[in-house]
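Heads up, the next two complexes both have chain A, just with different partners, chain B and then chain C.
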Partner chain A sequence: MKSSPRVSAGFTLVELMVSTAIIGLIMLVLVQMTNQTSQTWRSTAEKIEKFQQARDGFESMTRRLSQATLNTNWDYLDASGAPRDKNVGSTAFVKFVPIYYGRTSDLRFVSGPMKSSAFSLDGKIVRPGHGVFFQAPFGLATTTDYAAMDNLLNTWGYFVEAGNDPNRPDFVDKAGVPARWRSRLMEYMLPTEQMSLYDKADNSYTWYTLHLNDATNRPVRVLAENVITLIILPKLSKPDEDARTRAQTPQAAMLSPKYIYDSFPIAPATLNPGASGGTDPGMIMPKNQLPPILTVTMVALDERSAQRLADTYCHNVEMTSQSVHGNQRVTGSASEMVMGLDVAAGKVTPAVTYANLFTDATRLEDDPNTQTPGDGDLYDLERILVHEKLTYRVFTSNVSIRGAKWSRVQTK
Partner chain B sequence: MEPRSDQVNLPLTHMKLHKHSVSGVALIIVLGFLVIISALAVAFFSSVNTELKASRNFAAGVTTRQLADSAVQIVMGQIAAATTRGVDSQTGGTGQGNEAWASQPGMIRVYGKNQGSGSTASASADAFYKLYSSNQMILTADAGLPTFKTGTYSDPKGDAYVGWDQAPALWADLNAPVLVRDPVSHQPVPRFPIIDPRAYASTVDTTTPWSDTKWAGNVEGFTYDSAAVHGIVGPGDPNNQRLPMPVRWIYVLQDGTLTMPSDTGTITADFSTNTSDKIPTSKNPIVGRIAFWTDDETCKLNLNTAAGFNADPKKLPTLAYQQNPSSFAGSFWDTPRFYTQFDYGIPDATGQPQSGQTSGGLALCQLLQNEFQRYPGHPATTSLAPVLNNLLTSEQFYAVVPRYSNLNLQGTPASTVGGTQRIIVDPVNTPGDLDNKELQPKQDRLFASVDEFIFGPHVKTGNFASPTYARTNVNSYNQFAGNPITPDVIDKLRFFVTTQSRAPELNLYGQPRVTCWPIRSETSLETTGLNVFDNLMLFCSTVGASAVSTGARPDTKTDATSTGVYRYIFTRREVVASNLSSISHTDLLGGPSYSQWEFSTSYVPDSELPSIQTPGRNKKLLANYLGGTTGLLSRPIPGVGRNSPTRVIAPPINRGF
Partner chain C sequence: MFPPNSPPSRKIPAPRRQSGFSLVEVVLAVGVISFAFVAIMGLIPAGLQQFRQAIDNSVCAQIAQRIIQDAQLSDFATLTGGSTAPYIQAMNYAASDAKKSNPIPFRYFDEQGNEIVPKSSVPSASELAAIVYHVNTRIATATALPGSSSSAPNTSLATILVQVAFNPSGKPLKTSASGGPNSFLIDTTSFPGGTVRNYSAQIGRND
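Take a look at the complex of A and B:
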């Protein structure tokens, strides 16, 4: 009976203080845990979300690339290996003398560094990384009549371009809102009616450069934001490449040692070694052939990192974007077109020359001239990105082109 | 609890109050923590759940692709099994089998060398390899073939079950249309994934003369029976026409097993009668089901290579021809052999076919150079008429197809119009005829897909001297009155035309054919003396790529197994003085002896030259490939129904080499 009042007497001051302290401790730990969990969760979610667009873009790009077609056939060729002139009745047509029988195609497949002069693109825009242009039956048409025709042929392409947001409405620019300088993965989608490839006058690269250089009405859309580079490496299948490596140097065994591939080489010797033929038995001849495999690599940043790069390196954009208002092309300096990565490349040790990145395919993963494994161009690019404290992600995929029937049988 | 009398009451009340408030705080604190912790847990789990959903969506996409791939794998397996059956199955994989195969949409038939008559003779198929999902993918004489042959629509075990629509657990309609809004009329119209039933219209008007605007909508020979299986709706309202293509579902289990329910379950799949490894269980559940059907492009008209002549009477030049279309050649030319009007034709005083009557003939209206649409055996003689019959005239065919033409450099018709006209090219009396009046082959782009047909030719017809790039002129068919080719029409034609129809060119034994075109041997004096046609023949008769060859001519000197190059063509050497010597002969009739140039005794024919090949390729082809105990000539002919493997002495061409 005596004890009950003591129980009901409750806690002493010391007890209360101790328990408060314990509660405080627990609270502290809990708050920290909550904080940490939420931080981890947020960063994971962000990582997934911020690269969601890049991933979607990458998937869409690789899927479409695998549908590239050349629709090859075999036909008579003259002594120089050219098919008969398409212009019936022209001198070239009448004087055609068939000598050989070879693979021909009306369509084209081109990939390589976008700054390469071979592709005769508007020099004002430096487009980082590589581009690829091809034909495939995607059925894109502007005429309503053709809306239901899914297999109409289109000229299609992918490349990376930096600049102000091309989809911004006029009034935003007029209101003086700062330009949104970003590097973007662009999709080139030419409506089927505008396809100029078959035009006999179109004998170089105008089938895509004409529309790409169009100042006001480019058939181009943004596929993914904050993509800083795209690398396309056409490759032979593994057995084919191994067979070549045994006979030749690794470089000569590559389908496109300089990343350049053109199914109808205008200047064969400079684009594809061996294409001009003759000295190298079993040479690689890409003429009117699709590459069997494309290794597609894409490097994407998150929005925060891209904003930081833009803030640091892209300054005079605001002024120029006003003057080119209404024009989808934004003129920036070469450095701005690569989001200042060329400047950043000089700050890392050892310094990297940005312009030399991804021009020599033997160096993509690993530099064959050094003992260190994995010190190729991709590693160098990552060093730059790490130095700038950017969050980035590298997407890589081997795309096998379904329409490719690589053949060693060479034609003139 | 009784308070002591010496104590005051007040503190007790205090005490009580105090105690109450303390207990409350503890509860609140505990509850508060619980709330915080559960909120955290919920937040965490909900985030995990989102992730799970995202990855599950991704996984679903992958699984679907895998399922689609598995259907492709099944079909590839079927094709490989069917086409190599003749090579491997018969005599232990020595490549000496005697079975020939023939493909069609949805199936490959294999013909053997069976003796017997009727359905057991080799003229009737040995085996059917189905290229659509079925409960029996291969039918052979000992497995299922009898049921297939006698199968009826009412037999649920068969492949065409009339009541398929009442058993959704078993059957899927691959040709179910999707209703879309027509871009022009804004009305809902059906679009069919495989075959457009509107290509069959019963109301063909055969009496009205042909006009540009009328298309009866019929593809020649295409018809279906509305009563065959449920769901077929024949001609009438075109938008109501339906043509279901029911095929069976194949169920895929988690471990990759393919299984099929028995016919007893219709709404619910019934696997109870299956063998234990084919029954889905909780550990090995159903993960998907596939249904497929495979088309065969080689059975379609190729828009790039076909052209032909449209023998539709309504489109012939005169009424006389319209009334008697069988008296002119149409889409082919051959040597005139008999004394009939069809062979000789009826010339007038100037040598032209007499006007007003059916006077064209093989002799009178001989084909011209580059008139490929009449070259015997040329792919261009294949006529597009069955599909374009009511849409275009023959002349319009040539305007549309990419490589053939009926125009000369002046842009005027210069062909024989299917053997009804005579074209005289006379370079003597009319200098320049050869340059100008010759038929000119077009060099237009080839169609890459059937849809591309909508753009028609890019090299404009008419005056060839200034062709315009025509793709930007949206409707290339506006040169023809009535705009005959529309997206709608192409939709209907899609099942019947193609742009790629490559097929293996093999003989009945599944081996390469031997080309009957001797070419100059590499040991001849002028080894490069091959004309472009020789080169083409050599190229087409050489199997296997050479890693060392660079030129257009495969290097036949290294033509051996080691280089993987095989040549199926005979070579010959020219007769030159160094190979000949004058040899003296006695006259058998007692006259004076005479000398003549003959091959010298030291001459070794190509086939025997050991330095080139041992033995030479000519000899190999003759002695091992065609002749000999294992040669083609001593083997029974599959699919021909011969009772015994009697050796037939006949030109190889008759035996399908």
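Take a look at the complex of A and C:
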């Protein structure tokens, strides 16, 4: 074996340089691609995480809302449309004269703006947006005796409240750590044993307000932080709404033009113009009925935006009580309770009156009085949030209530 | 200089042999491969069609479910009230028709099952481009129960029939006139060869 006379044993310098350059180029492209991918990944993950809590809270809320129940039955009513007194042997019980046969229920469903007179709530606490209170078989009980009963009836509710962190331990506040002023989605969960529906007068709201404003041991927990408003619009199904629109103006055709819905209206006509009776085909009688559909809208901020809002607008934090954690009563100025958004609303052009937002249901998506499409209250709120350079997200869902059996039979 | 005791090289040049495939072999191999390939390719359209049909099925079911649920949440008297009993056609209204005075028989949905409300009573060309499903809903105001006389059906039980027509080309569909068991059903002569899926449910009066 003989080697050939001239064999190139290695690479020449030129070859090496060219190959290095090519490898370098490939590496550069690869690194850039990896970088970009990781960046996209991170920003997407951040975006998802940012509103994770709000999304979870929203899902839990809509799921529970769909289980609302009234458990109606038909019973004799007297001339005023009231059922027989529940105290057997009482004067009212004995003197009862049945005149009508109508739908009755011991349970209740209310929704509407939290500051409306329909909710006779303490004026010192302004709760932005709407609230909803209802009964459903969630089986929540505090005593172990009832723990095995999964379908016990509870009074449940959702609303938004601003204030210091109610879950903060006492000593943190006492140590002078500045308050964590935030707007939160609250879940009202009254254990079965405390349900007061049966021992209160029927036409009062004490079945939830009694404990809602308690200074201590409120049956309330934070479902999601940084939720600035909650809007609940009860609606009829499409066939009913169409039938009603044919007979009414579009405004009066709505199930709740002022967002207020009460399954036991004290004065139905003032709550709903369509509730006054008559022979129109889409007559609305919300008495002892659940709304068929709830359009639930929730606006959430990310933590950084909420912090900035609190730093800018919420200074005069005063707390009336600093009891054990979870039981704190929140008070603040009306402006602080809406995270200063009422102040911000005055700065946009054209200016918005924050208190007037979400009080007229015909304006939710679009103002019927203008030609511009999509210039409703939601758009106005978004204008304020954009002006304040806040990162926000709007969650919307149509919840159909399974227990709703909408009917216009029953006139009393 | 090689060491004298180096082992003799093992490489003995082989006698000249043909090292490739013959033409016959190649032709045979190509034949076999192409046969298999054609068979596999033939499966693709069938698979795609299956896939399309599966999507179609689920979207149609979703649409029908939504319409039936909406009907179940409605007042029974509103749902079954109408002059054309025993069969009533559920009506839709164009977006411009605020007073709901000009009913149209069909509801329109896009490929994902989202409703498209037409601006005027006849969908425009751009709306038709997005519309895939035309949905017709008929309600029988009374339902005959097994064992009972069919001449006096149960008036507290309505039967809702939802017809979902897969009509991406936007053919103008018609429904039969009132009268007989075919009242208000999609007229198949207006939709030759088209796919119409029927879904039905019973709705009881509950006051």
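In the analysis below, the second predicted complex is superposed on the first by the 348 of 412 C-alpha atoms of A that agree within 3 Å, B and C clash if a C-alpha of one lies under 4 Å from a C-alpha of the other, contacts with A are read in each partner's own complex, and residues count from 1 in each chain.
Everything that follows uses one rule, which is that contacts are C-beta pairs under 8 Å (C-beta built on N, C-alpha and C of every residue); 3 or more make two chains touch, one makes a residue touch a chain.
Predicted model only: the values in this text are computed from it and were never measured.
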(request) Have a look at where A:S237 lands relative to chain B and chain C in the superposition and call it first, second, both or neither. (result) second
(request) Name the contact category of A:S407: first (chain B only), second (chain C only), both, or neither. (result) both
(message) By residue count, which of the two partners contacts chain A more extensively, chain B or chain C?
(response) B
(request) Have a look at where A:T372 lands relative to chain B and chain C in the superposition and call it first, second, both or neither. (result) neither
(request) Could you say whether A:N217 touches chain B, chain C, both of them, or neither, answering first, second, both or neither? (result) neither
(request) Classify the contacts of A:I293 with the two partner chains as first (chain B alone), second (chain C alone), both, or neither. (result) second
(request) Could you say whether A:Y76 touches chain B, chain C, both of them, or neither, answering first, second, both or neither? (result) first
(request) Name the contact category of A:R84: first (chain B only), second (chain C only), both, or neither. (result) first
(message) Once chain A of both complexes is superposed, is A:T349 in touch with chain B (first), chain C (second), both, or neither?
(response) neither
(message) If we overlay the two complexes on their shared chain A, which of chain B and chain C does A:R103 touch? Say first, second, both or neither.
(response) second
(request) List the residues of chain A that touch chain B in one complex and chain C in the other. (result) 1, 243, 281-282, 407-410
(request) Enumerate the contact residues on chain A facing chain B in the complex. (result) 1, 4-5, 8-11, 23, 26, 30, 33-34, 37-38, 41, 44-45, 48, 69, 71, 73, 76, 83-89, 93-94, 98-102, 106-107, 135, 137, 139, 143-153, 193-196, 198-201, 243, 277-278, 281-283, 407-412
(message) Under the stated contact criterion, what part of chain C meets chain A in this complex?
(response) 2, 9, 69-71, 73-79, 81, 90-91, 93, 98-101, 206-207
(request) Spell out the part of chain B that touches chain A in their complex, as residue ranges. (result) 1, 15-16, 18-19, 22, 29, 33, 36-37, 40, 43-44, 47, 50-51, 54, 180, 182-184, 191, 304, 405, 409, 435, 440, 442-446, 448-452, 454, 458-459, 464-465, 467, 469, 471-472, 474, 486-487, 490-491, 499-500, 532, 535-536, 539, 545-550, 552
(request) Note which residues of chain A are touching chain C in the complex, please. (result) 1, 74, 103, 236-240, 242-243, 245-246, 250, 281-282, 292-293, 400-401, 404-410
